[in-house]
Structures are given as structure tokens and as C-alpha cells.
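Should a chain be cited, it is by its letter among A, B, C, D and E, assigned in written order, with residues numbered from 1 in that chain.
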Amino acid sequence: MSILTIFYILAAFTLATGFLTVVSKNPIHSAIYLVLCFFSVAGHYLMFNAQFLSLVHIIVYAGAIMVLILFTIMLMNLNKENEPNKNLLSKISAAIAFGLLGFVMLATFIKTMPIIDTYKQSGQDYQSIKVLGKVLLNEYMVPFEFASVLLLVAMIGAVLLSKKSTSIQ
Amino acid sequence: MEKNLALVLVLAPFFGFLANIFFGKKAGKGFVGLLGTLSILISFFATTYFFMQIQSTGKPIEVKLFPWIALESFQIDMSFLLDQLSVLWLLFVTGIGTLIHMYSISYMHDDENMHKFFAYLNLFVFFMITLVMGSNLLVMFIGWEGVGLCSYLLIGFWYKNQDYNDAAKKAFIMNRVGDLGLLIGIFILAYVFGSLDYHLIARDIFSQELSATDSALISIAALCLFIGATGKSAQIPLYTWLPDAMAGPTPVSALIHAATMVTAGIFMVTRLNFVFDLAPNVQTIIAVIGAGTAIVAAAIGLVQNDIKKVLAYSTVSQLGLMFLALGLGAYEVAVFHVITHAFFKACLFLGSGSVIHALHGEQDMRNMGGLKKVMPITFWTMMISTLAISGIFPFAGFWSKDEILMTAFHGNTILWVVGSIASIMTAFYMFRLMYLTFFNDFRGTEHQKKHLHESPALITIPLVILAILAAVGGLISLPGNSWLNHYLAPLFHKAHEAHHLDGTAYMLMGIATVGALVGIGMAYAKYLKKQEVPEQDSEITGIAKVLYNKFYVDEAYEMLIVNPLYKLSHFFRKYIETAVSELLFGLGKVTNSIGNQGKLVQNGSVGVYLFAFVLGLSSILIYLFLV
Amino acid sequence: MNVSFILILLLFGAIATYFAGDKLAKTVALVFSLASAVFSVYILNLHQAGINPSFISQWITNPNVFIALQVDGLSLAMLLLTTFLTTIIIFSSFGNQYNNSKTFYALVLFMSFAMIGTFLSADAFLYYIFWELALIPIYFIALVWGNGDVEERKRAIIKFFIFTLAGSLFMLVAFIYLFQKAGSLMLSDLYAVRLTSQEQFWIFLAFFLAYAIKIPIFPFHTWQANTYQKAPAVGTMLLSGIMLKMGLYSVIRWQLPIAPIAAKTYMNIFIALSVVGVVYGSIVALKQRNLKKLLAYSSLAHVGLIAAGAYSLSVDGLRGAVLQMIAHGFVVVGLFFAAEVIERRFQTQEIAEMGGIRIQDSKFASLFMIVMLASVALPSTFNFVGEFTLLYSLYNVNIWFAIIAGTTIILGAVYMLNMFKNVMLGDKDSRVFAVVTTQEIIVFVVIIAVLLFFGMYPKPISDLVTPPLQEIVGRINRL
Amino acid sequence: MNTLIAISGLGVLCLLVEMFNARKAIVPITILGLLAILGYNISVYNTLGTFYNNMMLVDRFSVAFSSLFIVITTVLITMSHEFYKDRPTKISDFVAIKVFMLAGGVAMVSFGNLAMFFLGIEVLSISLYILAASNRLSLKSNEAGMKYFLMGSFASGIILFGIALIYGATGSFDLTTIYQVTHTASYPQWYIIGTIMVVIGMLFKIAAVPFHFWAPDVYEGAPALTTATMSTLAKVIAVATLYKLAIILVPGQTYAFQMIIVVVAMASMLLGNIMALRQNNVKRMLAFSGISHAGFMVMTLLISNNSANILLYYATSYAVAGLAIFAVIFYVMKDKENETIDNFNGFGKTHPLLAAVVTTSLLSMAGIPILSGFFAKFFLLSQVIQTGWIVLVIVAIISSIISVGYYFKIILAMYTKDSEQELTSIPLVYKIVAILLLVANIAIGLMPNLVLNLIS
Amino acid sequence: MQNILEQIGIENYIYLSVLLFCIGAFGVLYRRNAIIMFMSIEIMLNAVNLLLVAFSTYHQDAQGQVFVFFSMAVAAAEVAVGLSILVSIFRNTGSIDIDNLKNLKG
């Protein structure tokens, strides 16, 4: 079983779970498919030998984001198929958009794809935790800090939007 | 000295006008009349001085005042020219003007706006003097339009009556039609000769060969100028305003619409005789139109019942005869008839005014009659003038009309026949007028009858003077020994053979006299012998009806020109205006409908928005990479 | 002392008027307008004495823009026209009571400021700015103090605004293009720039759109009648008396010399359009029942003739145009003032509701009549001088232009006399017409005096404007 | 270079001040802080270069635009105290978010690395999502926040995809490196795709057609102050960033790229103005007006000569006019059920001064001289015509004409209709701000050199 | 260390992420349930992350992977804000159907 076959299987799995996420009627099912999808993506990362990244990926996406989403679903008691039927037109238009976008992007890439025979092999370590940490905290120190501002804003925002304010009533 | 005197000549009436309009009301009617008359009299005296001067030296006097309009190729000055023609014209303009002013003192005495009347009359004389004295066409044009304005003001003098105002308006507008022609003619002359000065144009014409284009242009110019003349001098096709103009007070009719203003066309043609001489085709047109006007107007005059309307048509007819003469190149003959016509026609109008005055405004001859005994002076003066206009020897009209017919006879027999018939008709309707007015019994109301009286001296004196002039005016140009021809000779550049007193001449005189007598006889038979009175308006039938309604020319104009114009106006206003606005509003509507479509797309659904997003993205990628 | 002082004076006057309060506003405005008139006479003296009162100073360095105010005979004539007419117009409004009159009179002075700026500017950028600025005050004057139904007024005035703005924006495009070519927008630089005939055509057309709407030339005139009708008397007078002269002046100053080849090639078309406007305006005026609208259409006819003369590209045509601009400025102000005098008493503009005024007030009748006669170009009035020169210049282009345009002589008489008859004459005296006041008489007398004096002796103005016009025509013909 | 840090610090300080229960001091402190930062920012006008491992690229462009952002933010924050008067407990959050947003904006115009750009745009966007939805009890506000969030995330995805492709093609996120690679060596076509996707994402942010659909809805639904922020600050930031990106990333401006910009600009100008004609809601109308102005500003991408200056001038004039209008809108639309133009009825009589401010600002937007809007359009078009896209100029002119139609709707309402509501006094802050902005507008108009030569 | 791309090829990764991205986009367009739309957006971001990592390997460069961390932070922040907006909508309307949000239009 060559690596390529593994890739194909994994890719098919990724796409399939992604697609199922999108089309599942039950939000819970969608969420579960999405988690599977995330895992498959983590699998891809592993194939690249990016262990740290795949770990972080699973922690952040599956562990944090999906939990948050699921939590919200539970909170709102949405775990049933309560989505009314969409009208045909919007379905068709979504399908058209999907087809068009997919076709255009794929066609574009196929058309513009350079022929790559040899791949760079630096032979150096570029994706171990150590290297990543160095890059992140040296070169990318400012963005790293700035990301904290981003998270701070999100935090303030989340509080601002969801906190029941008592002063107005 | 001469310059100052010329200024006095021009400005005296103008000051009369100013004084009357500003102070007339306060100063009182006596002052107004006196001032008005005196200011003209001063002009008259000044004219007499110049007349003497020119008689003795024969040299024209030019008075340059100041530059007026500057054009790139030449400049138009405000300047005056006193030569044989203008002085002659001034003489009878101011002379008759003085008489008529005098007459008006009494005639208008009861009108509350007498000061305005005199002011307008003075203004008229001022403009008439400008017209005559201008040394170039444009100064003449000031006078030309100015007299038109005064005519407008005076016709509509009784402005409370909207019919009178319409008549005034009509006069002004029809004159303006002619004025446009005149203006175009002026443009052409200016273009060809680079000047509008009479002298310079004449000098150019005689000093150099004219190219073919120039000759053609001059022909057009002559035609345009003649169109101008038809407006002012009431010729076909623009004559219809003159009968309507009788709405004005009678002295106005006498001064403006008989003696002076309407002869401006003849003056202009005579003034520019050297131009017309270059355009023989146009001269033919002038002659034909003159003859046509003469007979058409005479025919209409046959059946009119309003005393002033009869005289108005008579005027048109006589003017036609003058143009006939002009068209045949006999300028001095036309001038001669202008002068005699001024005398007798002014007299006739003033006489009719006297009658109307006596009858408290009655103008319908069917309600007159038998006034001979009550108003002897009026009767006799009018009788003399009637004889003169009918061409009875030895009154003034005989000589001048005879000259015209003789010229016509030599020029073109048909024109002569037409002119002669017009003359016969003239004799007929003039005597019809006399018989209906003065003979038989009075047909008016009892009230009127009680108050019948002869007019006061201020009215009769001018009548008498004019009657005398009408009787002896012919003396200035007796056949064979014409002072007038001699006097005017320097003006004309084309040698014009004088008529000899030969057999033909006597024969023609005889025919004319017999013709006149026939006309008189018919009138006598119909109106004195049978004592017929014209039927009421509704009973008129047949040809008479056509004539009575003036060949329906007014109606035709109304239908062919006025109504289409108003319809066009309506059409423009209703359709073109809206169409143009709608076109532009249409653009607004298009944007609005685009906006509405846009509003439909902007339907609040995120799906649609994202769809548009994806479409935009895709099309950009397609455009960049796949096309 | 240079000419920029007059702009400062008026701007300051506008501000002072605003702060003077409602009661004093009109007096203050009159004083300032009078001062500007006096000062413009002073400038005239300087000019005659050979001193050049022009003003130039750099404004924006990149792009190169100057504050350049140029005084020559032509701009001086327009300056005098504007300052004197503004004074007359302000004085004429003394008989009216306006709400919030401080703003009103401030706007009037501001408008005068902008119009004078337009006439004086020798830098296209500055010129354009003044050109647009003049639009704002008249918009508000017409909108806020206008008459008639609010909705209709709004529609008419927004139409006017969008029309004129649209036109002038195309002019702006032309200027931008020229700026790229010349590197500066100074008039002298624009004159010097070489353009192909293709470029000239488009530039000419862009200018034409702006000016044709402003003047207006058929078929761009549809804003005019309604706006004139809805605007208050002062607004109408400003619009018709001065503002539309901006368009005509610009044709002479900017359009023709910058695009001479196009002007020469297409002159017949533009003359024809103008002449069509003459006839069209006259014919439409025949059936108008609203006095101000009738006057508006008559104005359309008159300015059509002026435009035709300007496009004839001859000294005669241009001079006639300038003379007639001035004459028309005064006469149209007089006519609209007469309409206003009637409206003050009868509260109507409908001709059918008037009549019989002459019985009650013959003085007014006489004054009105003289102004009316001047507008139909009776010889010895100023308008005749202009109209004659214009028609003659048209004749030199083509006799048919002269004949067709000449019909205005006839048609003008028709509608004017009809109007006069229906408005003034007759014996209807059901409505009381209070006798004209001294203030109203003064306005008329001043206007009439100007019209008659220059009618007899147009030489001073003619001499003043001829040298620059000769230069412009020379420039056109050189190419 | 330290501007970004200072601003972020100021944001944190706001939150701290709240913790110390000094609510009333928040706005003054922030304003003072911002002014100080502004002063600092101007002082580094001449110390240019790259900082923090090329993460920040400080040049005159970034300094000038950062200063503009700071000024706009200062104005917005000055008014926020009055605006949030009935929600005092949350004022620190609002102010802090705005300050952070400013930090995002500064990061966006002075980024030297795509990571900074991406984080900056996310900070900006997330702040705006929050602000748009910040009126929690209003369904409209919720809807606006949600729509903006969904579409904004989508656009973020596109931008991120583009960045990934750029990285894939060049192997770096560093602007200088990318620039060197694309101008010296050959590179895969992905790079172009990537830049196009980034540009499209930015076109979304500036609300250019056809990526504009979110703008009207969000502007309408969001609280007025947020709308003001979006239509002035956010738009100006996005435009400046788009400009910087396009200039640096798009190599040698091909015809096809220009064509896209031309089409987008024309569509934005026309559609924005035409749609605005049909609006009754003032905020919505201003949204469409903003779309058309985005079209105008996008045109700067076509021109080479002096374009940054012109963009700065245009943006300044647009922001100044917009803020002045909003200052009045805050007052007029306060506690109003609907936000239609009718609320302006009779405003000319009741508040002549503020009405004059609105009028002049609208006229400035419409491009009437001597106001700055005219000069902005003039400078812009005079450069565009040089590129040969005369069609574009004509379309710009036509859309300007159309725009007069709706700008004058407000003016007409103010001066011709009668007011049916009773007079209330205007908060002093709004009045002062409005008048100062009016003065600024005219000053920039009369002395364009003040702004026009800052960059080149 | 061997480059895995030699056996798979970078193009395959590009296609995969494009497809995944399109699926995400499709989800955003297709669904009206806001939560699932959020999930779709996460799929889109994941696609990009995958691409970044692939390119990181392609260039043998750590920056791409570092960028993924930022991307994750952004994703987390977005979800947090998005969900809180959703919560407040849900509190107001009792629904998370995006089609109910059509008050703003025209």
C-alpha cells in the first residue's frame, strides 16, 4: 500500500465526511461528521510528519471549537431535524455556485499548474516543536502577540453579546 | 448753424413729446394743444429754411452727430441728410402735421388723455422726421419702426376697447413682417456695399462694375426692401392692417394712415431708386402688386359702409397707384401723387372726422345723410377733395393720377387698364360717400339730429387750407412744365423721359376724365336719384358680400398663418416640451427601474448575497485564467 | 488695489448681511452691492487708464493651480453688468418681505460673488469652482423662497440643479483632459495647447453640453420655464439676467478659443441649434398663459440668438452677442420685475386673471411698455443694437439663418403685444391695482435709462469689448 | 513603529480603567491617549523602515494613513460617550473594541508580513461583527451582526486561501521577499490566483460591487455609531490596505487586472448611486453612497502618478464629510423607530447651523466645489484620464450626477418640509464635532496642499 | 528526511483543498441552519490550513505551519463571536434559521 493510496483513501474520507457534514439534516450528525473530518485532516498532517500541528489541530478544533458548537447546540436544544424545507431555487443556486466555484477553481489550477518534477529537500528540521517555537517567538513574535489582541477582542465581544445586562431593564 | 437748426428740426417734436407726457396732465389742455402744435410748427419753419437753402444751392446738407453702431467692416453713424427728397417730404409732413395738430386741439378736447394724444402725435412726427432725414438706412429704420410704434399707440389710443387694441397690434405685427424684409434687404446692401449710407451706396453703384452675384444679391435686396414697403404702405399682401387701423382717432387716420406714414414705403423706394433701377424684375413685381392693390382695394371700397373704412380702402388703392408708378420707374410721378394725395386725403379724413364729431361718433354712412346744409364748410372742402381724388380737372388729383396712368400706358397697357378701372371705382365710391353723407335726408336718431352743428374754427381752418391745396396742388407738376421733376432731378440717376403733351396725352386725359365722370354718374344714379341706402350687413349677398368681407383675406390669413402658428405653439408646448422633458425623465425612470430591480435582488437573504459573491469571484477567475 | 478686492468685498458682504439680522439685511446687502458696483467702475477707470488690475497667485502647487483673475474689456463688461444688475435686483426686492431675509440676501450677495468670479477667472480650475458655486445659492433661493406648490417647485428646481450640474461635469471632464495636455489650467496655457481636431471635437462637445444647458439652447431648455416660474422674482432675475450670461460668456471665453477647429467645422450645426431655439421659444411663448413662463420662453428665444451670434465666429457676432447679453440682462430684469410688480398686487402669474391695469395705473403701463418694446428690439433701444449686429453676423454666415432667426422680430412682437394687451389693457378693473411705488419706479427708470442711452450710444461698451473679441476671433482664424 | 503597541496598550488601559470604576474618565483618557499616539505617529513621519523582523513596514503611506485612522477614531470615540449614554456599564467595552479595531487598522496599513495583515483584518472584522450586533435586544442589530459575520467569515476564508496560494508560490509571507521573488524570478500562476483572491476579499471589505451586498443591510441594522465606524473608519482602512496590497502584490499591473478594477469601479459607482436613489432609510442610503465612493477610491489602483496622495485625500475628504453627517444623524435619529429621511423634515428651520453642516457635507460628497469632495474627485479623475480610461471618467461623472439626486433628497427634506416634532437641544459634543468637521472640510478644500503632498 | 510530496504530488493536495474549500462554500450557501453554516466555514478554513501545511512541506519551511496557528486562533475567535451573536438571536427569535433574518433588505 503506497503512500499515494493512503492519501487517496484519506482524501476520500475527508471529502466524504466534509460533504456529509454539510448535507446532514441533524446538526448533531453534522457535528460528528465534522469531527471525523477534522481527524482526517489531522491524518494528513501526520502524513506530512507534522505531529505537533496535528495534535494542536485536534485539540483546538475537535477539542475546543467543536465542543463549543456542540455545547451551543445542546444549549439551544437544536438536536432535531427542525430545518424547514428550503425552496428548490435556493438549492439549485447553491448547487450551481458549488459546481461553478469548484469547476472554475479546479480548471484554473489544472490550467496553471506548473510541472514539478523535483521537490525541494532541505534535509533540515523545519517542523519540529523546537523549530516552530523558535520561528513563532522570534520572527513571528509580534503577530503572536497581536493574536492575543484578537482573542481579547473576541472575548470582550462574546461577553458583551451574551451577558445579560441588568442595567437597561 | 445748419447742424443746430437741423437738430431743432428733429428735436422740437421730441421735446413736445417729453413736455406733454411729463407735464401735460398738470399743465392743462390748452397748453398741451398749443405746445404740441407749436413744436411741429417750429419744425415746419426750420424745414422751410432748408427748403429755401436747397432751392437756391441745390447742395444736400449732411449732419453727422455721433457714431452709432460699429461693425467690423464699417460703422453706422447717427447722421441726417437734408436733400431735395427729404426736405420735400419734411415740408408736407410738418406742414400737414401742423394742420392736423391744430385740428386735434378741438377734436380731442373732450378726451381725458388729450396730453397723451398730443405726446404720441409729437413723437410720431419726431420719428417721421427721423425716417425722412436719416442719412443711412439704419437711421431711417429707427424712424421706420418708430412711426410703427406711434401708429400702434395711437390706433390703440382708446385702450379700453380690446378690439381697438387688436387692431393696433395687428398694425404693428404686420408692419414687423415687412420690417423683417426690410432688415434683410439692409443686410444684403450692407454686405454688398459695405455701407448703409445712401451716398456711399449710390457712389459704389455708379463707380464700379457689379459682379453677377452682386447683381443677383441686389435684386434680392430690392425685393426684400419692397416687402418692407408693402408692410408700411399697406400693399398686397400686407394691406389688411390699414382698414382696421381706423380704430384710432380720426386725426391719426388723417396724419398717419393717409398722409405721411403710409407713404414711407414710397419714400424708401424713391430714396433707393438707384438700387431698384438695377433690379428690373423686382420693378415689374412692384408695378403689378401696385396695380393689383389699387384695384382690389378699390373694389372693396365700393361696398363699405363705414365712412372711415371707405377712405382707408381708398388710401390703399391710391398707394397702389403710387407703387404702380414706382414700379415703372417714374419716381417723381409717384412723389407727385404722394403730395397731392396727402392734401386731399388728409382733407377727406379730417372732413369725415368733422362729420363724426358732429354725429357724436357715428361712423356708419347708412345713418347719415343730409348734412350738406348743416355743415357747409365741411361739405365743400370735402367736395373739393373728392373731386380731386376722382381726378376731375383741374384739381390736384387730376394731374397726378393722369401722370401715373400715362406712365402706365407707356409701360404696359394692361396695367393702364387696371389703373383706369381702379380710378373709375374710386370716383364711384367717393361720390357714393358724398351722397350718402351729405345729400338726401338725415337718417340718424332724433337725438343726433338735434345736436347737428358745423364744427368750430379750429377744425374748419385746416379743412379749408387742405381743400385749397387739394385744388391747386397740381400746379407743382404740370405736364410739360414740371417744377417738381426739375427739383427732384438730382436724385435720379437713370434718365427718365418726360411725357410730352402730345395727342396721346390729351387722349388719355380725356379717357380718364370720362371714366371719372362715368363713376360719378353711376353713383349719382344709384344714391342720389334712387336715394338707395346700402342694405344691412345681414342682407348683403353675392359678390357684394365677398367685397364687403374684403375678399375674406383676413379670414384666410387667420386660417393659413395665425391658426397654424397657434396650433404649432400648442403642439410644441404639449408634445415637444413634454417629450424632451420626458426623454430626460425617462433616463431617470430607467435608473429608477434599475434601482427597483436592484432592490429585488437585495432581498435580505444571505444565500443570494453569497451567491453573488461566488459569481463575482468565479467570473473574475474565468476572465483572468480561462478565457 | 486689484480686482480680487471686489470678490472679497462681496464675500464679506454676504457674511455681514447674514450677521446683520433680518431687519437690516436688505440695507446692508444693498450697500455692499452698491459698493461693488462703485468699485467695478473704479476698475473700469484703472483699465481705461492702462493699469492692469489683474491678480495672480499660486494656489495649489501639485497640480498646478492658480488663483488668476484677469481683467480685460470682456470680463470687465460682464463685471459691470453683474454688479449693477445685482444692485438693481436687490433694490427691486425692497417691496417684498422675505422670511429669514438675512440668509436670503446673504445668498444673493454670495451668488453675485460666484458669478463675478466666473467672469474674472483666468484659470479653468478656479473658473469651474466659481461656476459651480453660483449654482448653490440660486438653488436655495429658488427652493426656499420660491412660489407655488412645494412639491412642484421641488421637482422643477431639482431638475434645474441636476441639469446644470450634469452639463458642467462634462465640462469638468474636458478641463481635466486639457489639464493633462497642457500641464496647467491657466487660460493662456490652454489657449496654447495643440489639439487634434478629433480631440477638439470632443472637448467642444463637452463644453457645449455645459453651456447649452446653462444658456439654454434648444433642446436643453426644459428646466428653464418651470424654474423661472417657481423661483422668487429675485431668483428669476438673477438667473435670467446674469446667470445665463455665464454660459454665453464662457462660450466666447473658453469654448471657442480652446477648440477653434471644432468651432469652425461645426459652427453651422451649433448656429442651427441656436436658431431653432429662437423660433421654438417664440412659438411656444405664443400660447403661454403664465406671465413668467411666457417671459422665460421669450428669454429662450433671445439668448438663442445671442448664442447663434457667438457661434458665428466673427467679431460682429461676438460683439453683438456681448452687447445683447448686456441689453438682455437689463431688459429681462425689467420684464420680470414688471411681472413681480403685478404679482405683488394680484398674487397671480396667470395672464387670464390680469387685465385693465392701465386704467388704474398708466405710469406703470408706460414703464412696462417701454421695457417690453426694448425686448422686442425697437430701434433706439439697446436691444436693437445687439439684435441688429447679431442678425447681420448671422446673415454673413448664411442668409437663411438671418431670415429664420429674424422671425423673432415678428413673433416677438406677436406674443409680447398679446401679453401686453391681455395684462395691461382693456377695461377690466375688478381687481384693485395699487399705484406703483417710487421705489418700483426707480428700478424701472434706471433700467430704461440704461437701455435707451446705450441704444443711442453703444460706443463705450462696444469700444470696451472689441479688442479682446478681436483677439479671440484672431486666435480662431489663425488656425 | 511603536504605534501599534501603543494603541493596543491603550485598549487594555481602557479595560483597566473600567476595572477601577472610573467610567467617566474612559473617554477623556482614551482621547488623550489617542492624541498622544497621534503626536507620536506624526513624529516618526521621517523615521521610516521595517521593524520587528519585517513584520511592520513603516513608510509615509502607513504613517499618513495611520494618522488619519487615529483622527477618525478620536472623533468617533469623542461622540461615543454621548451615544452610549443610556448604557454606561458597557462603555469601556465599546471604547476598547474601537481602539483595538484601530490597532487592527494600523496593522493593516503598516504590515510587512501577510500574517500581520491577516491578523489585522481579523481584528478589524471581529470588532465590527461585535459592534454591529452590539445592540443585543434589537433584532435588526442581531441580524446585521449575523449577516456581516457570515459573509465576513466567508471573505476571510477567501483571503486566507489567497494568502496560502501566495505562500505556496513564493515560499514566504514576507512582503519584501514576495516582492523580490515576483520581480526577479519566475513563479507559479498560483501566485496570481492568490493575489486575486486576496484582492477580492478586500473588495468585499470595502463593499465594492458585486461583493457589496452585505453593506446596506449591515449599515441599516447596526447601531448608528457602528454604522459611522463602518462607513468611515473601516472603509478607509480597507481601501488603504487594498491599495497597498494591490500595489505591492500585483506585479506589473496587467491589462486584465486593470480591466477588472475598471469594471468593479464602474459597477460600484453606478449601482451604488442608482440604488441609493431608491432608499428612504438614511443609513441605508449612506451605505449605497459608500459603495459608490468605494468605486471611486478603487480607481486609484489604476493610476501610477501620485495615486497614494490622491487616495489619502479622497479618503480624508470622504471620512470628514461622512463623520459630519453622522454626527447629525446621531442626534436626529436618536430613539427613532424608523430612520427615514422624514426625520430630517424641517431641520433647516429648527437647527439652521447643523442643517448647514449636513448640507455642506452632502455637497462635498456630491463633489461640489469648494468643498474637499470636489477636489478629491478632481484630482482623482485628472489622473484617471491620463491612463486612457475615459469611459471610466464618463461613468464617474454620470454617477456623480445621479448622486446629486439622493443627496438632495435630504437637503430638500430639511429645507422644504415642516417639522412635526418638538425641538430638543443638541448635545454639545455632536455640535462641536460637526462644526469642527465642517471647518476641516472647507479647509482641506481651500488648501488641498495640507493633505495632498503628505505621502510622495 | 524524505519529502512526502515526491510520492503524492503537491497538485493532489491543491485539488483536495480546493474541493474541501468548495464543499465548505457549498455548505454556507446550501444550509440555512446557522450552526451548520459555521461548521461549513470551519471546513473552509481547514481546507486552507491543509493547503498551508502542504505548501510548508513543499517549501520545507516552518512559516506555513506557524501561519496555521494564527489561522486556528482566528477560527476560534470567529466561532466564539459568531456563536455569541447566534445566542442573542436565539434569545430574541427562538430560532437559528438564517432565513428568518430578512428584515433588512431593499
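The definition used in the following text is that a contact is a pair of C-beta atoms (placed from the backbone, for glycine too) under 8 Å apart; a residue touches a chain by one contact, two chains touch by 3 or more.
Just so it is clear, the structure is predicted and the values come from calculations on it, not from any experiment.
Visitor: Common contacts of chain C and chain D?
Guide: Chains touching both chain C and chain D: B.
Visitor: Stepping chain to touching chain, what's the minimum from chain B to chain D?
Guide: The least step count works out to 1.
Visitor: Please find the path from chain A to chain E through touching chains that uses the fewest steps, and give that number.
Guide: Each step joins two touching chains, and the minimum needed here is 1.
Visitor: Using only Cα atoms to place each chain's centre, name the chain farthest from chain D.
Guide: Here the answer is chain B, farthest from chain D.
Visitor: What pair of chains has the most C-beta pairs in contact?
Guide: By number of C-beta pairs in contact, the leading chain pair is A-E.
Visitor: Could you tell me which chain lies farthest from chain A when each chain's centre is the average position of its Cα atoms?
Guide: Max centre-to-centre separation from chain A belongs to B.
Visitor: Could you say which chain's mean Cα position falls nearest to the mean Cα position of the entire protein shown?
Guide: C
Visitor: Using the average of all C-alpha atoms in each chain as its centre, how far is it in Å between chain B and chain C?
Guide: One centre to the other, that is 37 Å.
Visitor: Just how far, in Å, is the C-alpha centre of chain D from the one of chain A?
Guide: Centres of chain A and chain D (C-alpha means) sit 31 Å apart.
Visitor: Using mean CA coordinates as chain centres, what's the gap between chain D and chain E in Å?
Guide: Each chain's C-alpha centroid was found; their separation is 27 Å.
Visitor: Quick one: report the Å distance separating chain A from chain C, using the average Cα coordinate of each chain.
Guide: 71
Visitor: For chain B, write out the residues touching at least two other chains, lowest number first.
Guide: Counting only residues that touch two or more other chains, chain B contributes 599, 602, 604-608, 610-611, 614-615, 617, 621, 625.
Visitor: Among the residues of chain A, pick out those that touch two or more other chains and give their numbers.
Guide: As it turns out, chain A has residues touching two or more other chains at 93-94, 97, 101, 105, 108-109, 111-113, 139-140, 143, 147, 150, 153-154, 157, 161.
Visitor: Scan chain E for residues touching two or more other chains and write them down.
Guide: In chain E, residues 10, 14, 21, 24-25, 28-29, 32, 54, 58-59, 61, 63, 66, 70, 74, 77-78, 81, 85-86, 88, 98-99, 101, 103-106 touch at least two other chains, as defined above.
Visitor: Could you list each pair of chains that touch, in label order?
Guide: The set of touching chain pairs is A-B, A-D, A-E, B-C, B-D, B-E, C-D, D-E.
Visitor: Inside the complex, what are the residues of chain E that reach chain B?
Guide: Checking each residue of chain E against chain B gives 25, 28-29, 32, 98-99, 101-106.
Visitor: Quick one: which bits of chain A touch chain E in the complex? Just the residue numbers, please.
Guide: Residues in contact with chain E: 2-4, 7, 11, 14-15, 18-19, 21-24, 27, 30-31, 34, 37-38, 41, 44-45, 47-50, 53, 56-57, 60-61, 64-65, 68-69, 72-73, 75-76, 78, 83-84, 86, 91, 93-95, 97-98, 101-102, 105-106, 109, 113, 116, 119-127, 131-132, 135-136, 139-140, 143, 147, 150-151, 153-155, 157-158, 161-162.
Visitor: So in the complex, the part of chain D that touches chain C is made up of which residues?
Guide: 306, 348, 352, 363, 368-370, 374, 378-379, 381-382, 385-386, 390, 393-394, 397, 400-401, 404-405, 408, 412, 415-417, 448-449, 452-453
Visitor: Sort out for me which residues of chain A touch chain B in the complex.
Guide: 90, 93-94, 96-97, 100-101, 104-105, 107-108, 111-112
Visitor: Okay, in this complex, where on chain B does chain D touch?
Guide: 588, 591-592, 594-596, 598-599, 602, 604, 606, 608-610, 612-613, 615-617, 620-621, 623-625
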